[in-house]
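The following block contains the structure, expressed as structure tokens.
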Amino acid sequence: MKELILQVKGLGKSFGGIQAVNNVSFNVEKNQIMAIIGPNGAGKTTLFNLITGFNHPDAGQKIFRGESFENAKPHEIAALGIARTFQNLSIFGNLTTCQNVMVGRHTRSKGEFFCSALGLTRVIKQEKSIRREALQFLEFVGLADKADKMAGNLPYGEQKLLETARALAIEPELLLLDEPAAGLNDKETEDMSNIIKEIQKKGTTVLLVEHDMSLVMNISDHILVLNYGVNIAVGTPEDIQKNPLVIKAYLGEELDECIA
Amino acid sequence: MTKHNLPLYLLFSLAILLFPFLIANEYFLTVMIVIGINALVALGLILLIGFTGQLSLCQAAFYGIGAYTTGVLSAKFSFNPWFSIAVGIVMACCLAFVLGLPALKLKGHYLAMATLGFGEIINIVFKEWGNLTGGPSGLIGIPQLALGGFMFDTDLRYYLLVWFIVLVVIAILFNLTNSRIGRGLLSIKHSEEAAASLGVAVATYKIKIFMCCAALGALGGGLYAHYITVISPEAFDVFHSIVLIIMVVTGGLTYIEGGVIGAFLFTLIPELLQAVEDYSIITYGFILLFILMFMPQGIAGLFNSGIKKIKGHLFNKVNVL
Amino acid sequence: MALSAQIFQLLLTGITIGGIYSMVAIGFNIIYNSTDILNFAQGEFVVIGGLSAIMFHHALGLNFVLSFFLAVASVSFIGILFERSTIHFLKKPALVTLILITIAVSIILRGSAMLVWGKDSLVLEPFSSSEPLLILGAAIHSQMLWVIGIMVVVVLFLTYLFGFTLFGKALRACAINRDAAKLMGINTKAMVTLSFAMSAAIGAIAGIIITPITLMEYDRGAVLGIKGFSAAIVGGVGNSTGALVAGLMFGIIESFCAGFISSGYKDAFAFALMLLVLFVRPGGLLGKYEVE
């Protein structure tokens, strides 16, 4: 029995009468890469927001490493070991690349207002180690040479890598990537694929929302398909490719006649 | 404090220490005392607006709360002045907490409006609660500060007291902003979502910083009250909150130095403009507009980019050799 | 005076003052609806409207109707100048920057008003006879009827404009989705400038019609602005019906407070109400519950 790092049971959320996520249940096994796919508006980002505490579920349970975390706020969820990136890049444009990743070390460092205000030696030493650690994560995504550039001036592809490095800086057990390949060209998408595979090799579990089917089919161990907020299929890439419900959801009714 | 800040800080502290002995002029001493007090109040705003991105249009109200609390307690009820200043700071923190809890959930315009409304209400209370505050004609008879038998009754003594406090506060703020807390605040300013997703306790930090800002305002107010010994509501109205904003924007919002520079400028400008006082309002407006449109990083920002450019040139020359 | 007459008088005074707050609030909404900016300089449009009408009529001796239109035109021009010289040039400015820019302009306008007209309160003659009318036992200043009448005309005109003309719909389209509006061929930059012009014009009208009753001085803009904002927020920012209702409500509450309770704290009540609405229902009493 493989270890389950995340269990979602009967999760539901509606916005003003529209059921964005409807009774969705699935499990994520430790150290696998699971992709969530589905047509636009299927509720994928809402699902992410529910898992990471940005929206409160109307119904259902969320269990991380065996413990439920329904009422946890986003910053508490980060401290638990769940990190995420955002569909619309949320990098800190007026901070340097390195400073962006250093914010990611927030949960792995200590010292609140009082200690920091006093400027104690341990706080100063910690600053040095935070910077060192941040540079390591930048190395991992290949941005170490841009450490002191303003993040807002980086090209789009590098900003996406930066956001990934920043999320990795939490040293999460579970990493949620919201459309990591969006807006990337073929070469950049391939680089991103490789990075995600490396992340898996280091022991992190990855859950990603993605539209780029070649990336999804290439790296995922399991795929969950959402349509209109409902979980319509879950399985390996081979299963999903052959699943008629999935095909119908993406391509519409006409294909039924073709297959028939 | 980082190794970058430390030399400048020490130099500045030395200059402050030597100033009254090199320039033995009562008038300048008075102006410097007011600059120091204004710097304290402005530094609060630097933390709140510059580092955390939350706009407050009621800093003068907290300044007033500090001044009136200490004034009333020490003048009317004969409490110890130091204790009264401390109570003023606590009052300001409590009010900031009560206001901040709901208000900091608001964004942009709504937060600005909430602080504006709050500031107006506080100013009306200063004017209307005549029994306590003396009303529009003001509160008089605020005692001077003393430590044991040592009275802070000369300008020199008060100057040293105020600037000692300012220098300590500056050191504390340099430490705070160069730590993970400072980074956390900046991350909140840029993207609350991303900050929260990285483990920054956004709501808690916002409230704490709002309380710090109010505390600094009240500290300035307390020192002001015991210096001037007479206070009245006009000094604490919305226009003064706006002048404080102009101060920090011109000085440089994201720099601690910006608060000090702004305090210098906007204490000196009214003194210089005394002859053409009528033009002061319109001048302030144009200064704010100019800085916002053409120099948003403020004077401190200009210095900092200037220094970077010079360093760049220097290093280039070294490399070429 | 009989109680009923007194109540009627206070009510009418309240509606008169409230009408001004409503117009200020509507002015906010017009700019907010096309730009997402809350214009802190709105109150100054009112002040300069009143003061320039006085200048055209008294200092320059022009006839009354001409002064009225010139004043409105001048203030509209100031509104256009404001927008074109500041907001127009900024590409994606931070919200804090935008707020501070409108604050800067409000200070510049106030400072200018002081230089041009001084600090005294100036007066304009009432539009018609200054004999008070006796209605239901209360002495009603004829100007009050002018204020209420003109306010009704303005509101009806705006309702027609926004609801039934292509121009009005284009303006609303800009508010709802600027990019989509651009794609539809709407000149969004022109719309923004126009909304500033309209907002300034409405403010000016409010200033001119109220000056015969309350006089006008250079620094009234701040308090008018804040009360107008409060009305706009309580009514739901962007919601013009809400602005109208909330403005009248503020005016009536203020009038009755001044009449029956102490008048010193009356402003505090208005602001406290605004704070309450902001904290509990920021979409306004007539608006949506949650605001982005």
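What to note about this one:
A, B and C label the chains in the order they appear, each numbered from 1.
Throughout what follows, a residue touches a chain if its C-beta (ideal position, glycine included) is under 8 Å from a C-beta of that chain, and two chains touch if they have at least 3 such contacts.
Computed from a prediction, not measured in an experiment: that's the story for all the values here.
Path length between chain A and chain B in the touching-chain graph (shortest route): 1. Here the chain at the heart of the shown protein, by mean C-alpha position, is B.
Distance between chain centres (mean CA atoms), chain A to chain B: 41 Å. Per-chain CA centroids place chain A at a distance of 48 Å from chain C. Taking each chain's centre as the mean of its C-alpha atoms, chain B lies 33 Å from chain C.
Across the assembly, chain A contributes no residue that touches 2 or more other chains. Counting partner chains per residue, chain B shows two or more touched chains at no residue at all. By the touch criterion stated above, chain C contacts chain B in their complex at residues 38, 86, 89-90, 95-97, 99-101, 103-112, 114-115, 222, 226, 229-230, 233, 237, 262, 264-265, 267-268, 271-272, 274-275, 278-279, 282, 291-292. Only residues 52-54, 73-75, 78-79, 83-84, 86, 90-95, 99, 102-107, 109, 111-113, 116-119, 123, 126-127, 130, 166-167, 169-170 of chain A touch chain B when the two sit together in their complex.
Residues of chain B that touch chain C in their complex: 49, 53, 55, 102-103, 106-110, 112-114, 116-118, 120-121, 124-125, 127-128, 238-239, 242, 245, 249, 278-286, 288-289, 292-293, 296.
The touching residues of chain B, counted against chain A in their complex, run 1, 171-176, 178-184, 186-187, 190-191, 193-202, 208, 212.
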